[in-house]
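One chain, chain A, appears in both complexes that follow, with chain B as partner in the first and chain C in the second.
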Partner chain A sequence: MTAETRPPGGRSASFLTALRGGTGTVTVLLVLIFVVIATQNPSFFEGPPLMAFAKKAAPLVILAIGQYLVIVSGEFDLSVGSLVGAQVVIAARLIDGEEALTFPVIGLMLLFGLVVGLVNGLVTTLLKVPSIITTLGTMLILFGAVRYWTGGAPTGALSENFRVFGRHGLDGVPVIGQLPWALVIAVVVTVGAILLMRSPFGRSLVAAGDNDTAAAFSGVRVWRVRTLAFVGSALMATVAAILIGGFAGVTAQVGQGLEFTAITAVVLGGVVLGGGRGTVVAAVLGALTVEALFTLFNQLYLPSTIQPTAQGLIIIAAVAYASRRGDLRLPERLRRRPDRPDERQLDSSRR
Partner chain B sequence: MRAPRVLLAGVAGLTLLLSACTTDAPEGTDGAEGSADGGNGAELTPDDQWFDQEEFETQLAQRDIEPEGPEDEPWMQAIDPDWVDTTEFAIDDPEDAHLCFSNASVSNPWRVTGFITMEQQVEALVDEGRIGSFDSSDAADDDNQQISDIQAFVDSGDCDAIIISPSTTATLTPAVETACASGVPVIVFDRGVESDCMVTFIHPIGGYAYGADAADFLVENLDPGSTVLALRILPGVDVLEHRWAAAQQIFADSELEVLGFEFTEGDGAQIKDLVSQHLQRGEVDGIWMDAGDGAVAGLEAFEDAGQPYPVIAGEDELSFMRKWESEELTAIAPVYSNFQWRTPVIAAGMILAGEEVPAEWILPQTPIRDDELDDYLDRNSDMPSLHYAKFGGEDLPGFPEAWVDR
Partner chain C sequence: MTAEPLLRMTGIGKSFLGVRVLHGVDLDLRSGELHALVGENGAGKSTLMKVLAGVHRPDTGRIHLDGAEVSFEHPVKAQRAGVSTVFQEFNLLPERTVAQNVFLGRETRTRGMVDDRAMEKATAALLDDLGLEGIAPWSKVRHLSVAEQQVVEIVKALSHDARVISMDEPTAALADHEVEVLYRIIGRLRERGVGILYVSHRLKEIFDLADTITVLKDGHLVDTVAAADTRPAELVRKMVGRPVSSVFPEHLEPRGEHVGEVRLSVSGAGNGQLDGIDLEVRGGEIVGLAGLQGSGRTEIAHALFGIDRFTRGEVRVDGRRVDPRSPQQAVRAGLALVTEDRKAQGLLLNQSILANARLVLDAVLPFGSGRGARRIPGILSSLELVARGGHHQEVQYLSGGNQQKVVLAKWLATDPGVMVLDEPTRGIDVGAKQAVYTLMRELAAAGVAIVLISSELPELIGMSDRLVVLDDGRIAGELPGDAGEETVMALATGAPPESADDETGVEDPRITSMTARSATDGAPTTGPGDPGRAPGGDNDNGGSPAHREEAAP
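Coming up: the complex of A and B.
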């Protein structure tokens, strides 16, 4: 979806294509999983269990949106898992059960997220370190720094106010019982991200991911949009940290492995690694699908040891199916012709 | 064709990511899983690989044996000791002796707590002139790293005694034997190795006793027909597998209904989610855990679902014990004695002075029950929530700051 090469009037048409295509497979998969869950446990779709699912899934949805921003711009962010862990540990240590400190510390966490995102972004774009290396480095730095700071065992405690966002909700809502704040936050973030991706910034981001040279020639400041994508990802990780810490409190393992789960969710949604293709909605659906898979495995009493294998097979099958269906390809008229020598040259100079 | 190429790369990348994730889960426990239709928990026969009837009975019996040694210093007590002579290792100037410690890792709060206790014990021994100096290496749970750490200690020739906390049993055996062959006394503690070349092997009673303490408590405190959910950290680790094998053995002889077991990696979010899902499908009356990490998250799932608290077996980790007190739970804290981290350095001092030590130094391992709860919470009132109540360092220099400011 290179905005600059799009013929006039193609805007609404390509939007329709994306809706029909990219999100198709993941939607089918999600519905399929929900149907199987429903046969196993019909009460799952009565309000409270569904809301419990939403509460659990909200952090991953938010992380996936952050990861989407980075992946669609052609980069990776491996640091989000460590960042979530670091943020929860920092919050517990600084708040230490003191209600009055809740909001100042949340402010500080957002600031810390901003700094981590800026460092990731600037090191990648200005120092030209591949993002997979930059964020791998950040991941290790944060992991080690938290270990060093806490000696391997987090101290302190989160305040009740802090935990409200991840754990509680609006009580007494008809049918569903309780409307979790986590769900409200996830919906707000999703809508915000959809609007963002429709703005000029969003289009520049996709353009930079599709072909940064072409984007640069057409006036996009690639380093700036990519840096902002990393900042967005780090801020989303911070919000996810607030929800995860709220959901289950502090443990030494919090956040471990979340970066891979987030990337899996985004890819499952049909967002292409390497950038330039895929929608926010697809990433959100991908995140819901991953969480629904965990729930399904649990409902089926699938042995925990085999679960990662089953998860892997399903994801590969889904992505392969999507590619055969053509979900992940550009619409015919937008596909570049590979035999044009000038375009080949542009492509090879990527990053 | 550009799109398929991108796709191929994507799928290949994904495969890499997935294989990176899956290698974390050790294999070899399929026998204990039960079949898919029967559910995880229907199988209550322990896997032969992890169950040794004789050792199981020995450990259960050891719980009732009065240990030898000073009553208020459990880290100096030994169950049924077989004392060995160590005069061949005695040196003239123990006050200058250099101890070397190869640590498997400090990758969980239990090991962090223990390692702090060990360092403070070293300080005390140096002050007393029992030893001179102490040096440690950390293998970060990597067998190869630990093998080379031990080799480095042997090659340096500076060590007057080598203490090893092995990361795994079979793989580290040759490395421990190399250390023994160098002529200096070797002390192994916590997990064992398949060799008896060391002067002493120090450990608490063991995993079977731990799992049995927890399971017995549930059997005693729940009505017949009650449901029990088991939460386990991960498969394939012997100390954890033994705990579960003992519990399977005891639950099989009881009238409790075991709903199943779940692997949680000790992650609070996963525990809370899994327990919530079980609560959606029916009542859970009891929780058995193979380690207490995240017990509080599991209890919160009951709070959020508006259900009464279960009877629960956690661990002597303080976050759980504080919750136990504030909510007046029916609970027990099985203990995998953290104070064992003191014993190896003390033993090294004894060996270098030519004093007798037990060949297998079995430390007591007593769970904390309701009547002792307040006492242990009092003693540890300043400690962080991921600290272990039976760390046994109250009389050491640096108490309590060393454990509080970790």
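Coming up: the complex of A and C.
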């Protein structure tokens, strides 16, 4: 490294960095899909249909933000789909149509999300179980536990108050008609996440994902920030569960496969698996792109069963694109996980 | 002896990324000879060995084996030709048996199936040949001691019918009685006509074993001499003797309030790797930690910084007792550590200069980080950091020197009272080195206590007010800042000083106990009554430093 190697361009470096980070690519993709949708359904951008899209996309946006927190710190969270399912089932069973119980149960759900996140985080960081295994475990545990608890079919019913968040909105807004609460919540969460990532905590989180050894040597308590990222992800899943429960109601399948949709969204946004790269905005754009694509499928009368196949293709293509840019550092991450800097590096010490 | 050498390397040259690390090195190795390769860290010994092993391909030069020219494009080719290498890091599979490791990749087969029993038999024969009964061919490598693993490596080399075996620091990981076993094996190998290329930092071993010694320095061949014709002191001079290539900045007028106060004091500290560490650094002072790689320099830095804690003794910073359990606590106590491996331990390569520079503030003082970060642009410009992409450029695109400036800025932002710099100028250009030296002087003048760790002796001597020399995790002695390179090297290698270079100079307990023992003597363990081992051969015995200090002038 004698000569400076620089990204091409020089002055427009920040724009190029944005492109390299994937934000540019995903924006282009999103616009393209919207254009195709508009050609199929010119009234799509007329307000109410757009708001309907926003209402449907909001849970995925929120889940993607949660997944972003975990992925940018160098880990994975596969448990969010099961957690969404579990939360909806818990809500339905505990509320059972009783309006007065709505907010206490929401509080309980947040508490449950917190516990699941803590377990995911602490098992991963302190017991040094790779997060892909930890969260696969919690995914199965939640999935099975909910089935056991409900005896196979969810019982109970959600209250009207509960369903307000996912279903209704502020009526009488000009042009768009109704401003869905889901959109408001998604925007608030997005802004909150952007601010969080600019805070010392957010910087430490990205540092841990980029180079956990260097971060630890600089005083970052890597285990702590990563655990908090898992907690964030689980809380986001809880919020998403409230929206999804309200929007779609209670079924046995609710939440299924959502973890992969969220990961697809984040990866499509150019957030690099293995950590350290990508932005909240990119993750949000990724989520919107995935949701827009599914909408397009609907318009083209493609069966919804094709969706997982499309997701699979997207995830492979996005990661292949990232690794072609040389961004992907996943295998190395999985092999070596020094959460404290005391693990011997390849350097001199060999006494 | 005019016989054709077994191995002849001529004009070997090698560059990495435009940096020449070997300049036309010649080397001859005869059958049954032990040829030692000595030199400072980075002299090119390991590279030369890797060229011979087929790991690196030389840019220039030829290798002749038994008079015929060979070229090793791949380690397997070298092994097939009869050249085996025992590297510092073992390449054994811990879950396989000894025999399976020895025959790894060319397992004996019977009717297409791997025949473990035949391999075990063959391994047992090889072990027998070396007079080793302690190792069972069917035991898993995981259960073996480090020394036994080393033996397995050697047996593996032998099983290739090796005529040339090169060993890179074979004793680095061995305890004293285990070294004896190695000595005995080496004797057997030589009887069988194997030529041995031997890299070691320990001069005692070299004078005990070698027939011929080749000295490398900065990739150049300095001299090849018969061991009988040279003396340790002379050898040390050849290893370090070099023109002074850089001028170090002068001391500045001290102005800080802490100048002269004891800011860091370590007494009687130790852990698994260190013992009896006493260190006192005053504000305004630069104390150099000298020693070979693995002598405990970096370990001290890590222990101070809460990474591998000291388990005994005490550490005080500005008079307050501290026992950091994590880097975070160390930073809060006023310590800073510039780590030796910039890329692996110092930087977030994908993040911007600014993000790197404020990382410690973000991590340790999250509520004051905004205020502290305002100073960062000033610190960066005072370090003359030039980045065309501005402070938002990712650090991976910076030169080594600029990267190091980012690391320094990160620590300066915390206003440390005690700064430990581990190899701060490694891999950076001359200009950036000067900037680092000037910065150190400025910090010292401002009252910061500085601990400098460096493998480059001229730098260490040029910058330090005092030198603390380490050997084997203990303090071997303290020298004034103007000590000669020879004196430092002698202390660090445990070599006798010039005045005592005859037989009595060889007083390392390891060697005396060796010579007291006949080569055919049985068990490798050392009895408690062995007089040669008494003064400090053991790991937890603090007697060794004093022993060596007596030997120093």
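Things to note:
One rule holds for everything that comes next: the second predicted complex is superposed on the first by the 281 of 351 C-alpha atoms of A that agree within 3 Å, B and C clash if a C-alpha of one lies under 4 Å from a C-alpha of the other, contacts with A are read in each partner's own complex, and residues count from 1 in each chain.
To be clear about the criterion, contacts are C-beta pairs under 8 Å (C-beta built on N, C-alpha and C of every residue); 3 or more make two chains touch, one makes a residue touch a chain.
Everything numeric here is computed off the predicted structure, so don't read it as measured data.
Touch criterion not met for A:A310: it reaches neither chain B nor chain C. By the touch criterion defined above, A:L122 reaches neither chain B nor chain C. Comparing chain C and chain B on the residues of chain A they touch gives the larger count to B. Of the two partner chains placed by superposition, A:L179 touches none, neither chain B nor chain C. Of the two partner chains, chain C is the only one touched by A:A207; chain B is not.
By the touch criterion defined above, A:L108 reaches neither chain B nor chain C.
In the superposition on chain A, A:V319 makes contact with chain B only, while chain C stays out of contact range.
Note: residues 347 of chain A belong to the chain B contact set and to the chain C contact set alike, using the contact criterion stated above.
Of all residues in chain A, those touching chain B in their complex are 41, 43-44, 48-49, 52, 56, 150-157, 167, 244, 247-254, 256-257, 260, 263-264, 267, 272-274, 294-295, 298-305, 308-309, 311-312, 315-316, 319-320, 323, 328-330, 335-336, 338, 347. On chain C, the positions that touch chain A within their shared complex are 17-18, 88-89, 172-173, 273, 293-294, 296, 298-299, 302, 305, 307-308, 326-328, 330-331, 337, 339-341, 344-351, 355, 358-364, 366-367, 369, 388-390, 392-394, 397-400, 402-403, 410, 427, 429, 472-473. Every residue of chain A that touches chain C in the complex is listed here, in rising order: 1-7, 10, 13-14, 17, 199-201, 203-204, 206-207, 210-211, 213-221, 276-277, 340-342, 345-351.
Per the touch definition, chain B reaches chain A in the complex via residues 1-4, 6-7, 9-11, 13-15, 17-22, 25, 27, 29-30, 33-34, 36, 39-40, 106-109, 111-113, 116, 235, 260, 262-263, 265-269, 271-274, 276-277, 280-281, 293-294, 296-297, 300, 304-305, 384-387, 406.
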